[in-house]
Amino acid sequence: MAAIEISGVSKRFGDVTALQNLDLTVEEGEVFGFLGPNGAGKSTTIDILLDHVRPTVGSAQVFGHDTQAASVPVRERTGVLPEGYGALGRMTGRTHLEFALQAKRAEGDPQAILDRVGIAEAGDRRVEDYSKGMKQRLMLGMALAGDPDLLILDEPTTGLDPNGARRMRQIVQAEADRGTTVFFSSHILEQVEAVCDRVGILNQGELVAVDTIDGLREAAGATGQLHVTMSSIPDGLVETIEQRGGVTSVAVEGTTLAVGCENAAKGAIVADCYEAGTVENVETSETSLEDLFVSYTGGEN
Amino acid sequence: MSWVAVARKDFRDAIRSRMFWALAIVFGLLSVGLGAAFGYYSDQFIESVPGNQLGVGLVSFVQSPITIFIMFVSAIICHKSIVGEWEQGSLKLLLSLPHTRLEVITGKIVGRSAVLAVPAIASLVIGLGVGGALLGTVPIVLSVEFLVAILVYIVLYVSIFVGLSAVTRSSSLAVAGAIVLIVVQFFWGAIAAVLTIVLDLSGDADWLYIYQSLTPNGAFNEVLSATLAATTEWPAATVRANNVDAVYATPVLAALILLLWFVVPVALGYWRFSNADL
Amino acid sequence: MNRLLQITRKDFTDAIRDRQLYALGALFLLVGLGIGYLAGSNAETASGVDVPRIGLGAMAFLGSVAAISMSYNQIVGKRASGELRVLLSLPFSRTEVVYGTFLGRLALVVAMTTGSIAVAGALAAVLGAPVSGSALLAAIVFAAGLMAVFVSLSIGLSAGSVNTTRAAAGAFGLFIVFLFRLWEGVPVAVRYVLNGFSFPSGPSPTWAMVWRQIQPIAAVRNVIAGVEPDLTVALVAYAPGLPDGEPYYVEPWFGATVVLAWIVLPVTLGYLKLRTADL
Amino acid sequence: MAAIELNGLTKRFGESVTALRGVDLRVNEGEVFGFLGPNGAGKSTTINILLDFVRPTSGTARVLGLDAQHDSQEVRRRTGVLPEGYKVYDRLTARHHLEFVIESKETNDDPEAVLERVGLADAIDRKAGDFSKGMKQRLTLGMALVGDPDLLILDEPSTGLDPSGVQDVRQIVKEEASNGTTVFFSSHILSQVEAVCDRVGILRDGELVAVDTVDGLRDAAGTQATLRVVADGVTDGAIDAVQSLSGVSSVTFSDGVLTASVDDGAKMDVVTTLEDHGASVSDFETEEASLEELFMAYTGGGQ
């Protein structure tokens, strides 16, 4: 059985179409990255899974439960870090967690969760006084309460510093190892790349790609980038490199050559440079997920 | 002047809300209804008007419901003016611009006063016009002074509630404060009656004069009556100070109290607001 | 534990962490002590129903204002702050959130009114004034019933409102309609319009009379008339007078039905509005 | 003159919380300065002091040569701010927002031109309440650009922005910087910071623990780049030869991939040495010490 199964879902708000005939299946146990530009419909999709909004047409199932008819059973098995959340009144961090555990009818030690998300010492302070990063950690803790079978994380690293973001990644990894399905929406592509098995890219309410990141790379026919810094760039070198097979672009930035090429061509290009002059440094980069994202969603630049 | 920008922004923001138009319509209906009602039934009402003057009757017939309405409406549109922006975070945007906090408060008071004044004055001009047309006489001088008084009244309540909004740290508290101020004024007379009995003060009108002038409405009504009586056909009998001998019991005292109601809430709000860490 | 009661308990304990609430609680206590002291200091002339009567009268006003101002923001405010998203991401249904909050607020307001009346009775009794136990109990129960009406109206308003400004305007509206008795102006206006924009003459038609008696405070008063008639005078300032004769719509059973409707319907209508709303 | 100058800046909230402990910092005119630190390190407090939203307990802050408290209004007239945790006015259009700022700053910018820059020109007459989070962020950035400010303070500018929005922000920051505007840029997204900032400062527990260029921080932290070479026919002799190269350390070889930590100048030596020893290189990659690792090193957050 699939963890999430969305079939033919469309959602209109007034005359704005947020989702257009969306079909998506997320298998149990996978970490699924959900990407898309602002306004693409990511949050609406998550809201539909949680019955915060209702689809205009179509239906969604979580672990086989219909998200509208059986919303409570869905949320009993799901841990959620929602977007645009607010603290529960004037309660402390610990009482927040106790409240979540009780709501899920689960046993669990609030202190252990506080430790896990890295706010062990703040458990008895009111959440109103928490910084944004601390609130974010607490909300992750509430999502983890009761060992859910599905974790839905909407922009989980918003407001987290790099230490917090790393801890969040580790937790997602650990949950995934435990067999939890993770549905992970984010704009920070490094994060997505680090944790996700598969990604889906949503654009203007439609799913434009679903694949592993490597699969997306191959499908986009993307090439690597090579940067060679020399003491000076000899005449004719650019032309020599352009002649080589597998080279797609050559640009000069100061005394650095930026070459777009297939991976196998890198060695020969560097050798050319070595023969032509003094090489000071060589750096490589793969097509980033950012470039892939922009190519799928038609972003400008 | 940087407060002008704040006032203009505030006014623009307000007139784009549906609430504003709903209020403007109610305002219009209320004014025209009151004006027309008095115009049609002046014969039934005129008995109770001191001096039996139609013009005075018309203005005094309109005055009381309109001022109560303004008091409620200003509470609704002003209680969140500062604390609401604070809670939501738009205050950060506002104060990132080169406004001082005093200019923010001033701009808010001017902007929200305009939001109330525009529909209020427009409706009252029509309402008094309709009433006057039905009566066959329009009390021009009295009406103009009355409209000016309504402007003053609007600014009075707007500054009280904006001041309240700048003092408090949550909009629920601002609502509670506004309700308390309104309720206390409604029961002010009843409280006086109780005090008179409990403290056995009957027969001594001096304290009652001061007491009745202590609330914003009390002070405003006394100053309004005194001003109108001095400059128009408005009957002097409506000025409370006439019934009291004490030297201090004059409309000047009421005017001073009124001035305090203008200054103190705003000053408290400004003091609290300007010393606060955002 | 039942999830509905979990919401109720959270709402209640959360309020207890609120400093503003202590100021309000102190006010209720002070009013109770004041009433008790007044009765006690006039012990010779006081009758047993004085304290319950004055207590109920004070609570009808003070309690209603407290109920409105403590409840109107309870759902829509959570919606604005994002708290509702968190609650509804946990396995709570919207039913549980709305009715749980209703019960939580009701418990809070009833605790205040009950405390105030009970303290008044206790102090008066200590000071030697006569206090009728049954009347005091009736005053407490009827004050609670009235609070249930106002909490229901306010929570319903809160659940049905899209933003906090409209809810606040609605709160002022409740206040004007019920405590300043705008309610009774409605039949006058309707008859004025029906009569071709002129004031009608003659006795009020039955529908206008019924309208006046289904005002919630009047309905509570009509129930009281059948249980503890000495207390009805407590609500005289907030409810329209009684018609001549004893038509069915002033009888206690009718009043009880109306009160029940005022308790159940507003919060339910608010819930129905929220049930299908997109957050 | 420095664009921002902090001297012994200390801020305590109440008795117990100390947000800043004697921070000294100088940001030069025209530079793009990245301001980093863990949550709660005092970044927001510092920015709030620059804007006179909060007042320091002791120490002074000068912005554009002006006292941040005393001349706050003038400071804010010459500064464009994208604050954190702001909210736009839902009922006003994008044009109204800009007109408001233009009037507040007494400048004569053209709202359309500003919105063009931030990519919102199509939405100029739409209500900001209907904007997505990213559009709101663009609008606020546009508001910060009004009046050609001498200083731009951007607090987490990429919050909520999708990758193309992030690229736009980066582009605008570069344009502003090339016009001589000083940019004070606070962010948690280190790849952003690395892409635009000339220098970075790292705040930790209210103290400034490092101020330098990203490369300077790398040198100071003594980190080396990692080089991975995919090659056939790598012999033990070849590995030994690579190991003996200067500037190369911790060489490992498995599954046809040779991994080594190398100084910048030595990378090609590794490749050529392998080829000299008869190996055929089919691919190689380099990886610099990321700013994230440096951040961890300075803030003690590594786990």
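Order of writing sets the chain letters: A, B, C and D. Residues in each chain are counted from 1.
The rule we apply is simple: a residue touches a chain if its C-beta (ideal position, glycine included) is under 8 Å from a C-beta of that chain, and two chains touch if they have at least 3 such contacts.
Computed from a predicted structure; not experimentally measured.
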Required minimum of steps from subunit A to subunit D, each step between chains that touch: 1
Need the most distant chain from subunit B, centre defined as the mean of C-alpha atoms. A
Mind checking the centre-to-centre distance between subunit C and subunit D? Centres are C-alpha means, answer in whole Å. 56
Averaged over CA atoms, how far is the centre of subunit A from the centre of subunit C? Could you give it in whole Å? 50
List the centre-to-centre spacing of subunit B and subunit C in whole Å, with centres computed as mean CA coordinates. 29
Which subunit B residues sit where two or more other chains touch them? 17
How is the touch graph of the chains shaped: line, ring, star, complete or other? ring
Chains grouped in pairs wherever the two touch, ordered by label: A-C, A-D, B-C, B-D
List the residues on subunit C that touch subunit A in their complex, please. 1, 3, 6, 10-11, 14, 17-18, 78, 81-83, 85-93, 276, 278-279
Listed in rising order, subunit A residues that touch subunit D in their complex are 36-40, 131-134, 155, 157-167, 170, 187-190, 263-264, 266-267, 270-271, 274, 279-284, 286, 290, 293-294, 297, 299-301
Per the touch rule above, subunit A residues touching subunit C in the complex are 13, 47, 50-54, 71-73, 75-76, 78, 80, 82-91, 99-100, 102-104, 126, 139, 142
Contacts from subunit B onto subunit D in the complex sit at residues 2, 4-6, 8-9, 12-13, 16-17, 88-90, 92-93, 95-100, 277-278
Residues of subunit D touching subunit B in the complex: 13, 48, 51, 53-55, 72-74, 76-77, 79, 81, 83-89, 91-92, 96, 100-101, 103-105, 127, 140, 143-144
